[in-house]
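Right, I'll just put the structure down here and ask away after.
Chain lettering (A, B and C) follows the sequence in which the chains are written, and residue indices restart at 1 in each chain.
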Amino acid sequence: MTIFLQTFVNALALGSLYGLIALGYTLVYGVLRFINFAHSDIFMIGAWISFTFTGWLGWSTGAPAYALPVILVLAMGFCALLAVAIEQIAYKPLRKAPRLNVLITAIGVSLFLQNTGVLKQVFGTQPQRMPSLVNDHVMFTLAGVGVQFVDVLVVLLAGALMLLLQWMVFRTRLGRAMRAVSFDERTASLMGINVNQVISITFGIGSALAAAAGLLYALKYGSLKQSADATWVLLGLKAFVAAVIGGIGNVRGAVAGGVLIGFLEMYGAAYLSPHLKDVYVFVVLIGVLLVKPSGLFGKAVVEKV
Amino acid sequence: MKTLAERTAAQRPNVALTALLSLAPLAVGVIAAFLLQAVLAPAVGPFYAKLVLDVGIAILLSVSLNIVNGFAGQFSLGHGGFMLVGGYTAAYLTYYGSIALWGTAEIHGGFMEGGDIFFMVACVVGGIVAALAGLLVGLPSLRLRGDYLAIVTLGFGEIMRVVIQRTGDVLPVAEAKQKGMLGSLTNVGGSLGFTDVPQYVSPTPWLEKTGHAGIFFTYIFVAICVVVAFRLKASSNGRALLAVRENEVAAEAMGVVTARAKVTAFVMAAFFAGIAGGLFGHQSTLSPSELGFQKSIDIVIMVVLGGMGSISGAVLAAIVLTLLPEALRNFSQYRMIIYALSLIAIMIARPQGLFGTKEIWETTWWRRLFGRRTKAEAP
Amino acid sequence: MSTAVTSEPVLTAQHLSLAFGGLKAVADFSLTLRAGALAGLIGPNGAGKTTIFNLLTGVYQPDQGEIFLGKQRLNGLKPSARAKAGMARTFQNIRLFGELSVLDNVRTACGVRAKSGLVGALLRTPGWRAEERAITERSMDLLQTLGIAGRAHEQAKSLPYGDQRRLEIARALATEPKVLLLDEPVAGMNTQEKHAMRSMIQQIRVDFEVAVLLIEHDMGLVMEICDHITVLDHGTTIAAGVAADIQNDPAVIEAYLGAPDDAASEGADGVA
């Protein structure tokens, strides 16, 4: 029972992170119909830039109470701007190009970010330890399982951001514009929606969420591997799998998929074999795609002939 | 108008000439492979000979991936995975097979004697096993397109890598003898890699007991692969693949069984990737971390750079991208950044890759340079 | 005009129905094409004409009804299997293999009748060589017939619009069809080109011994050359027969021009 509960807490925290990252994949897919391969690198940069900002602000050894919100806002803002710049430079010229080209471009962007990151002028090749911005302690004990403050923080913050996004997508003008562009770009533009602007903003929002996930990941797990390390790609990929399983383009599906993947991975690791935790996710992905290619919560799309 | 069957029946091809034309390119390939090994390699020394070897394996990989990504337009990110499957199969066979046959995991016999033949067969078996994996991965491609397929192939590669990493240590000779080949099926080295594989693919001078004709072996497979790719492209089967890439709905309406075409492309590409893995695995230690996602991406870059569908472009890109890092040794930290930027730039400026579907000698600038108007161009 | 029509049906569609969600795209559509026939399928935009082509060629499977090519039942077969059985089509929104040469577009379609397989191609056996030469020969002849042989080595996507439509027909004929479905073959052409295409269609029907079913918005063309015309509106067949009957059918006139005597109720039920 202790293992079960401990795993539950870990799975929920990890699943929340996956959900946050998956939202970025899903949002971008919604407006541009392509998988932003570079999204996992935005997540990576979110984690690293949080570390860098913490150092610059002199909070590496001791942080004031307001450190976390400040770093969060800085990281989210930085990644949003970065993503908008990437979108303008690399993806915008390809609006009309075949999707395969955009996908390859995204891989190019991904490689660029990873390998720029390892330069010694940027993040360097050494792994780093993220200073703890919050005073981590066992918040409460539940059936013998000490629940860490960091886990609660991750789940609550991720949940709050998800709710904020929900509200934005379904309750604001901007959200309506996003949904309109996602539904039919041409008609949306005829209705006076600035499609390019909406796409840029969507990129920015998705990336800001990834940055938040990056910071939370850094806080929870502490160690940051160098930017070209496969860990980042793998984390991003699993979040992508979450988006696909949830039905790519579907905001709620992404969150559900993220949590599902988190549970799958953690319980698989706890009860089957910890070494194969990367395998479960992909096996489930292949299974879901074969049975229902549009994802568990997605709608099938019929190609017009 | 006369039907195809009637017209075919009316054709009287010269059988002797056909046989000659059919075999000539392969004969040229074998001779070239021999010359590379016997003349070039000793002339340039072991360091550059190793590069010649690497170029050969890279050509094998990019030309074969071009069949899936370039011809059929199915985006595969699993080539590293197929290499892994083929490489481990071949290495398992030569290591444990050599022990079973000759009681030692050393290179057996001289040039093109027992050991060499055994090694070549092991590579082909590796190719076949990889092809089976290709069939397995090709099947989802029937339901998925574009980005989804890329992820599934990538997932396959990752699964393979993780599974290999969980295997046990390589057994020493005595123990391997005792357990037999089947008993040592899961002892392929785990995350440390498959050590002590007999090093048939070595750039060191040939005809010595210590090092075998790696360049020769590699380029024989390169020749086969290149000839196969050209013949495929110029046949109904190849045109069917290109049609699938260009417009799947129209291809199906014109009688192309798109499902079969795609799976064929996957199987063929995986076969050669498996052979490439076999060659790669007999150079030194075969390690699963070398054949991950990154390897797949490297090969994709070659295909994209060379042109999606251009065989000569893929060959050229494989050569350039293998030699370039050596030339840019001092800038090695910027190498991947340059790759990444050129990938983006090419996709924006020349979406079909440098040569597109055209072979290098079919491009306008080649014709301008070398002037000779071909028959095809005449009005 | 109906000189070439014999009594043997090549294409039979019986009571085809298809709905997308709640929307009836095609309802109870029946059609018989006899060998050598030239039939027309007309109707306002969104009447379901292309959907019927998609049903016949297997892009969609019907909810109800049966399709036969000669004696062979086509239901459930994929488009490629139907092409092999003898069904060929062109596309309204041209779908050529753009990056390939004009010749290769046609050669690709010839492949459906090719006998030698992959192994033959890789070994370049005498049989494969013979067939490959025959494919090229036949493809060039087809391009000659359609008048675009001079552009054989150009990229398909670089052809002018009219030639792209001709190439679509050449490619369809390369599959050696028994039934040829032409989806708006003269769309976007000028009068002169239309004229040429009209005689070409009539010639094709005779030279290739193929039954032709034509979707066309150009009413003049359809009325002039088709032996039999089916008129669709909102997925239902509202009239069928020879040109003269169709022209005077009140239901057809209503579908095209709106009901003549209920202008007052237009706001109520004039919504398409």
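Just so it is clear, contacts are C-beta pairs under 8 Å (C-beta built on N, C-alpha and C of every residue); 3 or more make two chains touch, one makes a residue touch a chain.
Here the structure is a predicted model, which means the values were calculated and not measured.
Enquirer: Quick one: which pair of chains has the most contacts?
Expert: Going pair by pair, the biggest contact count turns up for B-C.
Enquirer: Going by the average position of its CA atoms, which chain sits the greatest distance from chain B?
Expert: Chain C.
Enquirer: Whole-Å distance, chain A centre to chain C centre, using C-alpha means?
Expert: 48
Enquirer: Can you compute the centre-to-centre distance for chain B and chain C, using the mean CA position of each chain? Integer Å is fine.
Expert: 42
Enquirer: Take the average of all CA coordinates in chain A, do the same for chain B, and state the distance between these two points in whole angstrom.
Expert: 35
Enquirer: Can you tell me which residues of chain C touch two or more of the remaining chains?
Expert: Chain C, residues with two or more chain partners: 59, 91.
Enquirer: Could you check chain A for residues that touch two or more other chains and list them?
Expert: 305
Enquirer: Provide the list of chain B residues touching at least two other chains, using ranges where the numbers run on.
Expert: Answer for chain B, listing residues that touch two or more other chains: 249.
Enquirer: Within their complex, state which residues of chain B touch chain A.
Expert: 73, 75, 140, 143-144, 146-148, 150-152, 154-156, 158-159, 162-163, 165-166, 249, 292-294, 297, 300, 304, 333, 336-337, 339-341, 343-344, 347-348, 351
Enquirer: List the residues on chain B that touch chain C in their complex, please.
Expert: Residues 1-5, 7-8, 10-15, 18, 21-22, 228, 231-232, 234-240, 242-243, 245-247, 249-258, 264, 309, 352, 356-357, 376-377, 379.
Enquirer: Inside the complex, what are the residues of chain C that reach chain B?
Expert: Interface residues on chain C, with respect to chain B: 57, 59, 78-81, 83-84, 88-89, 91, 95-100, 104, 107-118, 121-126, 128-135, 137-138, 141-142, 145, 150, 153, 171-176, 207-208.
Enquirer: Please give the residue numbers of chain A that touch chain B in the complex, ascending.
Expert: 34-35, 90, 93-94, 97-105, 107-112, 114-116, 118-119, 228, 230, 233-234, 237, 240-241, 244, 275-276, 278-279, 282-283, 285-286, 289-290, 293, 303, 305
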